[in-house]
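Shared between the two complexes below is chain A, which has chain B as its partner in the first and chain C in the second.
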Partner chain A sequence: MIDNEEKKGFSAWIDKRLPVFTFINHNLRDYPTPKNLNYFWNFGSLAGITLVIMIITGILLAMQYTANTDLAFDSVERIMRDVNNGWLLRYIHMNGASMFFIIVYIHIFRGLYYGSYKYPREILWMLGVVILLLMMATAFMGYVLPWGQMSFWGATVITNLFSAFPVIGDYIVTFLWGGFSVDNPTLTRFFVLHYLLPFAIVGVVALHLVALHQFGSNNPTGIDVKSDGDTIPFHPYYTVKDYFGLGVYLIIFAALVFFAPNFLGHPDNYIPANPLQTPAHIVPEWYFLPFYAILRAVPDKLMGVLLMFAAVAVLFILPWLDKHKVRSAQFRPYYKQFYWLFLINCVILGWVGAMPAEGIYVTISRAASIYYFSFFLVIMPILSRFEKVGELPSSISSAVLSEKFDKDSESYAK
Partner chain B sequence: MRNNFLSFFFVFKFIVFLPAILISATTNVELMKQNWPFNGIFGRFDESSLQRGFQVYREVCAACHGIRHISYRDLKGIGYTNDEIKVIAAEYEVMDGPNDDGEMFEREARPSDKFVGPYENDKIARLANNGAYPPDLSLIVKARADGANYLYSLLNGYKEFPDNFEASEGMYYNEFYPGNQIAMPSPLMDDIVEYSDGTEATQSQIAKDVTSFLAWTAEPELEERKSLGVKTLFFLILITIMLLGVKRKIWKDVD
Partner chain C sequence: MKKTTIETKNEVSQIDEEKRDFLFVTTAGLAVAGGAATAISLINTMNPAKDVLALSTTEVDLSPVEEGQSLTVMWRGKPIFIRHRSKEEIESAANVSVDQLAHKETDESRVDNPKWLVVVGVCTHLGCVPLGQKVGDSKGEFGGWFCPCHGSHYDTSGRIRKGPAPLNLEIPPYKFVSDDIIKIG
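The block that comes next holds the complex of A and B.
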């Protein structure tokens, strides 16, 4: 029995049995996307591309790296000196971690501004938080692998945090170390997990995309898509826009890799790990600094640890803290101001995280930590009840048109 | 749309560069900044300075400090020929073996060997140096903040102890060393080496040359990296401008 309607050709034959082409067509080509997305919507695809870059360079580095406390440091130097283009691979991977966090933090702040976590995208948002957590674990363990001074002492400080938990604390720490100090078993398991977790991230990213394509992208107005007039097909409009964004991103990435590869790193990590000599300041990588600041702001160790974890965990319940009907901060005069304050507050937290925990810095970190949590736990619930908003545009198209109209009349006035 | 783009750059710069700048701002003494030829996008090493620096390393530093990440063959990177490298390597003895009789034996180093350090192990190194360990210098420029300027300043930063300074036994005063007490005596002075190319061997010239050499041992890939970087950026900027054109053309009719 041959279906007369069947399309001819090899790809059609495949597609009937395994609908890959239909899938691509549906999700990357015809996929209807709001027509008013701004450049902040580039950061999702940039994060995905960075993940791929990290996995490829990481696999190639793993072919040359040796996870042994006696050999790790020298094997990294061998990659830098003797492996063909090894320095390039390592510098891409090393700076790629920083770029990944920059991209993802901007991606998160975009979601926060435009209310992308609200109904019906709660699970999409929560999957994103899972990705962030996995990234943090992966980055932390990756930083340990070169077995420099900061690797060793960073690992010691962070794993020791778990000893704050009563009764089981010491047991957890010994369990994490695989011994009684950060040593060879710790390094080997960190290497194994550092190789494993990125593939877990790939899995969660796939779920993140499934959840995204269920309702499609949010947009700067936060208004739902109402008609075909509000959308354009993903290809060629957003493919070309993503390509352009990628070009700009790679220029910045390459500038860092080729001209300032160690700018974001710490010089102490070029000193081989020495368990008998503690560095003057133990500083985590820049992307952990805000959380490190929260940890150190609290006088009690256990509370500090709990608050640090809570600083990420609070993002999980964000959709239920901010129940305001309007998504986009564009139309929320008060939320908008608290949002920018929150962003500045995060930068301040990052800054005090890099400073020694003494004097004025402690006071600043406490104030900033209080605002960090108040933003989510106090300001958001209050605003969702009391913040009044004006009339929203009736659709994306009308919002875009009125913006265009405003601009035109402005230029006429001139 | 253009506004969003600018604010992206703003946010990017703010988030990335602020903490790093603030960290670097915490060092207290102003270093003696030099205009290194290997700085900047088009930076290159000065080969004759590297060779002079290598001479300083061999005649002065190597008495106490190793450069264990460097092989003799790497000297090609600072302009030596294969034959010259063989001669240089042959001046060093390495332990090899066991041979077919089960004996360890000493032989002349080959170009493929790593530089032989001054001490057999850390304990002997400490014993010979009043308990202080002379660090390996291969990575020293990368392992210190603003490494080249720091090293140059350190080598020129020896002074008499200030009057009310509580100095420990066998230590020296250095303006730029953290805590100001350093176990290494001032290693350089005018004419401590004699340059064969006629360059005047002042202390600051010697410090400059050996710092350049150690900048090279820390980043032997620097020239290749920067020249590849310039080509890569040129390509990326070109293709990005083209993509912007394509993007504008495709988006022309969207409203």
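The block that comes next holds the complex of A and C.
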């Protein structure tokens, strides 16, 4: 039997040479965390866990999948029918992509509401946008792999976006395809990149965490941590809170996988790719719909493409568009209203993105696109200058206490 | 109120610890059970799939193979050596005293019909395919097969006679469906 001291001695021996235990202690145990975090702060760890789920199921799927235009579709069907639990593996991975985007979008809107992108967390935010871009690229290429109709035509449409650029456009597209249409070379490289990029995401996530732990988490009040009284150790308080959230999340995830695995997919992708026939109604996966709506809202090809890219790119400069000193929307009466309008607007964009590009939908998508960009480029800078806010609580503790004892929760905001 | 909690701290923590132990054990137990069930399901995807298992039998027509000739067929991705043995080969295999063999098996126990020897053509050392099926091949010192990788010699019954291999060439499960047709697997 190893007694306690020997055990201690061994980990201490390791820790002196490779400080893994100190690292875990600092970042997952003692790590001082604002004591007022609500459940919206669960979504970072949920995103991390989803990334791990996607990588594990992805590696196992790659062991069964064949990246060849003649074999890809059948190899996916073989996974569904012949591979032990192959259906489970694929449905987890397929729906995991959707869950990943739900989680990350909530995570982003959380940051947007509580001003998590503001000083001193600008790089933390920008690294997050890089992760989002990598996720989008990875998800898009993953959707191409089953080589169904939607795979093929999605790949054709998205790669053709680059043809909008004058002069070099066609060369870029031919380069992306590795040929003169979406074909075997395209499929092979998409598979390789789809396998590679998640590991790039892991790398950026590591940087994201380093940047996070530099100043610690933001919190619902947006007020900086001022004393030890404002924080509690990460373990056991937030490990338990994250763990509980994970349980709820996995129940929803499992419900989707087991009871509605194709709910978010498109039936046309169970038809093998046919380069001679485009499906009548072609839509991207739901998580791209708002951006797709912006693309279609613009009558000019190049401008549409540029605006669609700009819709994501604008997030990069967000910390410099919203320079208001107060972080949390809780204390910003006007920003709060525009924020909720923006959230609704994004849902509307997603909805019109799924509708045919004609009639009233075009008008709606134009209005929604205009609001999308106005929110960032007009409303935010104006509010930064003119929005007046009342007195803020002096600390996280006092905010928490006044919330608890003052039944009138508005009082501290005034 | 606060004071009472501090005063009765010992008592309170006593109750709490039991409750906490219970919660901790049930939580951790369920997490381990759920994690293990998930892991097993996922790892099981790497086991042979149904289409792979479906390829596990094959039928072979022996009628074109003349005495002294050999035939190699595929079964489960491996070569199966079938040799139509001559009288001399059968005798030389049968006349070996079992005691002097590394892996003690009689020739009788290794064949169904002595004219036909059916073995898995994979050296029991490290998995190479031994020579001896083709006309020009070296058949080793005992007239059977010779593995070029590390020099194992097999006799006309596919038994290991010399070299590093520990076991005789494996006999696949097979049976004669008719006089001329065998079903392997």
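As a convention for this text, the second predicted complex is superposed on the first by the 398 of 414 C-alpha atoms of A that agree within 3 Å, B and C clash if a C-alpha of one lies under 4 Å from a C-alpha of the other, contacts with A are read in each partner's own complex, and residues count from 1 in each chain.
In this text, a contact is a pair of C-beta atoms (placed from the backbone, for glycine too) under 8 Å apart; a residue touches a chain by one contact, two chains touch by 3 or more.
Because the structure is a prediction, the values reported are computed rather than measured.
Visitor: Could you look at A:Leu89 and tell me whether it touches chain B, chain C, both or neither (first, second, both, neither)?
Guide: In the superposition, A:Leu89 touches chain C alone.
Visitor: Which holds for A:Leu46: it touches chain B only (first), chain C only (second), both, or neither?
Guide: After superposing on A, A:Leu46 lies clear of both chain B and chain C.
Visitor: Is A:Ile106 in contact with chain B, with chain C, with both, or with neither (first, second, both, neither)?
Guide: first
Visitor: First (chain B), second (chain C), both or neither: which does A:Arg81 touch?
Guide: So A:Arg81 meets both chain B and chain C here.
Visitor: Return the chain, chain B or chain C, that is in touch with more residues of chain A.
Guide: With both complexes superposed on chain A, more residues of chain A are touched by B.
Visitor: So, A:Tyr237: does it touch chain B (first), chain C (second), both, or neither?
Guide: The first partner, chain B, only.
Visitor: State whether A:Ile223 touches chain B only (first), chain C only (second), both chains, or neither.
Guide: After superposition on chain A, A:Ile223 lies in contact with neither partner.
Visitor: Counting only touches as set out at the top, which of chain B and chain C does A:Val305 meet: first, second, both, neither?
Guide: A:Val305 contacts neither chain B nor chain C.
Visitor: Residues of chain A that sit at the chain B interface in one complex and at the chain C interface in the other, please.
Guide: On chain A, the residues that contact chain B in one structure and chain C in the other are 81, 88, 243.
Visitor: What residues on chain A touch chain C, complex-wise?
Guide: So the residues of chain A touching chain C come out as 56-57, 60, 63-64, 78, 81-86, 88-89, 243.
Visitor: Where on chain A is chain B touching in the complex?
Guide: My answer: residues 35, 38-40, 74, 77, 80-81, 87-88, 91, 98, 102, 105-106, 109, 232, 236-237, 240-241, 243-244, 247-248, 250-252, 254-255, 257-259, 261-264, 267-268, 270-271, 280, 283, 286, 289, 343, 347, 350-351, 353-355, 400-401, 404.
Visitor: Using the touch definition from the top, list the residues of chain B that touch chain A in their complex.
Guide: These residues of chain B touch chain A: 1, 4-5, 8, 11-12, 14-16, 18-20, 22-23, 26, 41, 69, 74, 135, 138-139, 142-145, 147, 178, 218, 220-221, 225-226, 228-230, 232-233, 236-237, 239-240, 243-244, 246-247, 250-251, 254-255.
Visitor: Can you list the chain C residues touching chain A in their complex?
Guide: 27, 41-42, 44-47, 49-52
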